[in-house]
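Submitted below is the structure of interest, expressed as structure tokens.
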Amino acid sequence: MAGNTFGKSFSITTFGESHGKAIGVIIDGCPAGLDIDAAFIQRELDRRRPGQSRITTQRKESDTVQILSGIYEGKSTGTPISLLIPNEDQRSKDYDHIRSAYRPSHADFTYDSKYGIRDHRGGGRSSARETAARVAAGAVAKLLLQQAAGISVQAYVSRVANIKLEKSHKELDLTQTETTMVRCPDEGTAQRMIELIDQVRKDGDTVGGVVTCVADNCPAGLGEPVFDKLHADLAKAMLSINAAHGFEYGSGFDGTYMRGSEHNDLFENEGGRIRTRTNRSGGIQGGISNGETIYFNVGFKPIATIMKPQTSVDRDGGEAEVKGKGRHDPCVLPRAVPIVEAMAALVLADHLLRNRNARMG
Amino acid sequence: MAGNTFGKSFSITTFGESHGKAIGVIIDGCPAGLDIDAAFIQRELDRRRPGQSRITTQRKESDTVQILSGIYEGKSTGTPISLLIPNEDQRSKDYDHIRSAYRPSHADFTYDSKYGIRDHRGGGRSSARETAARVAAGAVAKLLLQQAAGISVQAYVSRVANIKLEKSHKELDLTQTETTMVRCPDEGTAQRMIELIDQVRKDGDTVGGVVTCVADNCPAGLGEPVFDKLHADLAKAMLSINAAHGFEYGSGFDGTYMRGSEHNDLFENEGGRIRTRTNRSGGIQGGISNGETIYFNVGFKPIATIMKPQTSVDRDGGEAEVKGKGRHDPCVLPRAVPIVEAMAALVLADHLLRNRNARMG
Amino acid sequence: MAGNTFGKSFSITTFGESHGKAIGVIIDGCPAGLDIDAAFIQRELDRRRPGQSRITTQRKESDTVQILSGIYEGKSTGTPISLLIPNEDQRSKDYDHIRSAYRPSHADFTYDSKYGIRDHRGGGRSSARETAARVAAGAVAKLLLQQAAGISVQAYVSRVANIKLEKSHKELDLTQTETTMVRCPDEGTAQRMIELIDQVRKDGDTVGGVVTCVADNCPAGLGEPVFDKLHADLAKAMLSINAAHGFEYGSGFDGTYMRGSEHNDLFENEGGRIRTRTNRSGGIQGGISNGETIYFNVGFKPIATIMKPQTSVDRDGGEAEVKGKGRHDPCVLPRAVPIVEAMAALVLADHLLRNRNARMG
Amino acid sequence: MAGNTFGKSFSITTFGESHGKAIGVIIDGCPAGLDIDAAFIQRELDRRRPGQSRITTQRKESDTVQILSGIYEGKSTGTPISLLIPNEDQRSKDYDHIRSAYRPSHADFTYDSKYGIRDHRGGGRSSARETAARVAAGAVAKLLLQQAAGISVQAYVSRVANIKLEKSHKELDLTQTETTMVRCPDEGTAQRMIELIDQVRKDGDTVGGVVTCVADNCPAGLGEPVFDKLHADLAKAMLSINAAHGFEYGSGFDGTYMRGSEHNDLFENEGGRIRTRTNRSGGIQGGISNGETIYFNVGFKPIATIMKPQTSVDRDGGEAEVKGKGRHDPCVLPRAVPIVEAMAALVLADHLLRNRNARMG
């Protein structure tokens, strides 16, 4: 009810503040018998970790995950899996100036408005640090998807400000995503993105863009009409990520310019399997997966913390000047890639389990 | 769990198929003491009703709502409010041709894949007819928002295919929305939209576009970090509407092209009230409303049912030709306006109640 | 959240007041492909119906159920099943005297305290009439249990005041339960129970007792540690029935007098199947079914409405005299039997579905 | 869905196995601004701690709680409160003999049946050790009840086997409960209980009994009709505690022997406050608190682990002999007292918050 739980059958509850003792997550509903690869969970966290490259924040966190429960002899036991990530490199003093002042376009003012109290250090609970817990849980979801159904989830940066990757996911080799520090699988485009981010960082500014995500090998049948449509749950999952401002799946907003006769995906029999010739539906029809590739875009605004002075007000309405201290990302996108994947994996894992009850027998 | 319930504190559960006896909704969690204006509920349904103008489907449904429970002497009693809408003008024979054939870009194939059985008549549960139940419940949510907090929710058509309303919500008089049959508050733009829809209908085709929604007078504090952010729940609500393919709030995808220094909304003290000078955050920061106007866009693809023959396959993989029979909308947008409003009102009502528990005393 | 929904995977939401237009229930989560026997649903309702014998209330309600959705060609489709029972024989005037006065040991005072408004007619939402909706839904749950796993659920009256059936469920022929109007499967005991109830009714008084319920053929594995233990969910289900004041399963309170060495159920290998020699665990160990017979008792207090004058107060604290008018049951037990069965079936159906996700593959 | 979460508005999720790294709990939904007394949380845990007296298990666990999140400068912030209790004194070897053998009346067999895999060490997740997490969370709930409404929750041992405390809660001084190691507030009865437990322990056996719980100063209005009745949620909470086999509230099973005319609680005006003369309703009418004292009993079976050899079978159905090793309680009741209180406090805290939405304004 207080919003810290996501998913119904495969559900996660996260906890922790940016400068508290630890953040973490409880996964409830993971079926027994899943092979848990602890090193894989850590690798996923490493992809989100601060300080991984020169275009991300230089905050140093090893983000070493501890598994506290739910695993026995390498397998899930059906009981809650608890994952803990201690906080390490906190410089709470960097945040003293916002103890009472409100950073523009941050959650300082709204948290105060809602709760009347606020742990200002590092943004407290509103910090994107919370997403490390999601990535850890998402890694378990990925293992479930892989082992139970062979489903893969892969995201990449498809646009940084106006530098756009002009290829669709079908034309890309997604194994190349991790080869560039910006996580764009096209070498040339990646280079231009990195240059832009470098420039923006020097300017003390920030920049936004788009992450595209692709799920392959998803069986038909996932998604629950009418409210828990697969793309509706994906939309919620994506918009729950810090700085996300938009979501579109399949043909998305581009599709809204088309005629129905152009847009419709015609069915055909491909060697005994019913498929669609085109895939403007993004692998989802009527809220249920149809067996085609699922793909969607998530738009991220530029991060609010900039290294330039900004005018603001404090808790009492007095004038204040706010300027980013500490260590921050000039562009959220490279580190958002594993977060988008994690949330997508969590949605699919949840629906994979829920779908087991669609039919008798 | 099976996806037919929406909301946590103010929650609705809908039921019913397009050609069954009735559709309806149970509202659970409406506080006692709300003045229920039954005529208002009916008026909202009339805005969604088929056959209301020449640019909507000519299917005739009076959509007369019956209140079965939860109201006593004009007020809510705190018990479930049940609203029933009998189905009337069913021509199930119009659907005999799709008993086994799959309409392109519809839910026929996915329902069969998921459930192994399908009520094909009128699309069964996947029909947009289900949204009438949402509109009825949304009317109650609007009453709650109005009486409890003075919040208003208003939507309008801001684009049909490439005909775009070039004014922002701040420049419009939203009381004019209902004066045009396309529900665009700008007379000239509305006229061009109607002409396009007329043409598309004559072509036996369909067209998509965008609905914009605005919520005014929302207090600061609504929305629950970290998963149930206000905009995340709005995104899910909107994507759960038939034909919706995209969602963006505040600056949306446009904002992803900006620098942080341009995008940030600076705080100021306006006569003792803390406000933002600009509102690229769309009235929501960190997932919590900040007291500014909430606004967002929903993109709708062109409706899949067209009056032209299309190739397809049947349940056994055999070739089939499908052509729209019956009576269908050439453009979903005008009738989507009250649905978008209803879903937005449901999200806000839910969060208004949830927020009552944010603090002690 | 407002308490009108029960169950997580197989869930029901009921609505309706005693003297409103109708009561009803939405079942969400019933798997597709279940054979729905509408006549069976009606027969179950007939077992709960008022006026069925001289020892129940003489209120006349046919309790004819209408299926509004979710069934197509005799089978569930995976969409919500909506069941409606119109109210018929309302004599709201019989309740004018309690418009402001509070009946002792009823919910009049507490509803007023909670909601500030109350539909007093027939007790409104607090009336046991609401349980008709549960029985209708429970009938569908019984069909699911039978068709999916061969599980049966049978209840009977095992005590009325101090007249106790001195045989355990293992010594009884439960097919005889319906042959006596009091629903006690032992002819002699039933006769004495009926005589007592007759006498109590003549006295204008009421009497309580115990219903015992038995579930046979339940597979091992149902129940979710640690909070949703099978017997914990049964306890909640039973205590949610009007007038229920106690619950015990297996050895129950009697077992609390025993030593562990007496109480433990020893395992043995019975022709390749692991079983327990005794069954003081009531078929549930660690909150999970073990394959043995599940059995439990539910204690019901005497119904609060008596035909004698009682002193009370009204809404303003003034003195009032209250005397039962209308038509009431002298003993709730005979009609409670199908309600107990329904709630037990709902719990088991829910856990049967939930258990499908306990393991991989 | 997997049963490790309890509560809707004030909800807890527990995790951890008996011999894993740690157990713990996340509290979600605690309002901001609650004064958190960390020492009080620890004291509550100390009341449940093993090794606290000679009549409990001699296992040594300090059960030192760590607060990982949700508190800032001594107050709750509205974000999840995470409490961690590392496991210390594990002698996993004591459990080697049950790696494949099934202890009678334990959860070994049912966990294996359900999950196909089992962490046998110390009983894994089925161990009562999990209840330490509940007690920690219950302490926070107690703080909320006290600070928000002045509600107190107190439990005590009212029967051990056939040694019964022959006074009602109204005749007792509950401040004396903690003065006896058996947690019975009557000195003489306590002495006899302790003697019995001493004897039983020497016999290598175990014994059960009853815990009574009392909640004072609860306002009218808590509880949600129709399924989430206050006593129904209490019943579930209590039956979810290890070894609980029965629940009764108010007059309980004794009340089922009475006539309605004897049982009814007559209302009266006591100095402007509407009260009942008697309280057989146990402070709850129609599932909603009426402002009188809430009281109920919980029956506990004798603990299954005894120090005598018992015949059993192993996973493959082969014969096995099982005898308690390790350190176990001869009687669960003294340590059950704080657990019963914790679960009662959690139920009341949840309903206190839920009730805030019963009415407009």
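Per-chain residue numbering starts at 1, and chain names A, B, C and D are given in the order in which the chains are listed.
Criterion: a contact is a pair of C-beta atoms (placed from the backbone, for glycine too) under 8 Å apart; a residue touches a chain by one contact, two chains touch by 3 or more.
Note that the coordinates shown come from a computational prediction; the quantities given were computed from them, not determined experimentally.
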Practice task
By the contact definition above, name the pair with the higher C-beta contact count: B-C or C-D.
Solution key: C-D
Exercise for the section: Compare the contact pairs of A-D with each of B-C, A-B or A-C and report the one sharing over half of them by residue number. Expected result: B-C
Fill in the blank from the handout: dist(centroid_CA(chain B), centroid_CA(chain D)) in Å evaluates to 46
Fill in the blank from the handout: Taking each chain's centre as the mean of its CA atoms, chain B sits from chain C at a distance in Å of 39
Practice task
List the centre-to-centre spacing of chain C and chain D in whole Å, with centres computed as mean CA coordinates.
Solution key: 26
Practice task
Among the residues of chain D, pick out those that touch two or more other chains and give their numbers.
Solution key: 1-5, 8-9, 14, 29, 32-33, 78-79, 114-116, 125, 225, 357-359
Fill in the blank from the handout: Seen from chain D, its contact residues with chain B in the complex are 1, 9, 29, 31-34, 78-79, 147-148, 225, 353, 356-361
Fill in the blank from the handout: In their shared complex, chain C is touched by residues of chain B numbered 1-5, 8-9, 11, 13-17, 20-24, 26, 28-30, 32-33, 66-70, 72, 75, 77-82, 84, 114-119, 124-125
Fill in the blank from the handout: Within the complex, chain B is touched by chain A residues 1-6, 8-9, 14, 102, 104-107, 109-111, 113-116, 125-126, 130, 159, 161-162, 200, 203, 205-210, 220-221, 223-229, 231-240, 245-253, 255-269, 272, 274, 276, 280-282, 284-291, 299-306, 308, 310-313, 317-319, 354-355, 357-359
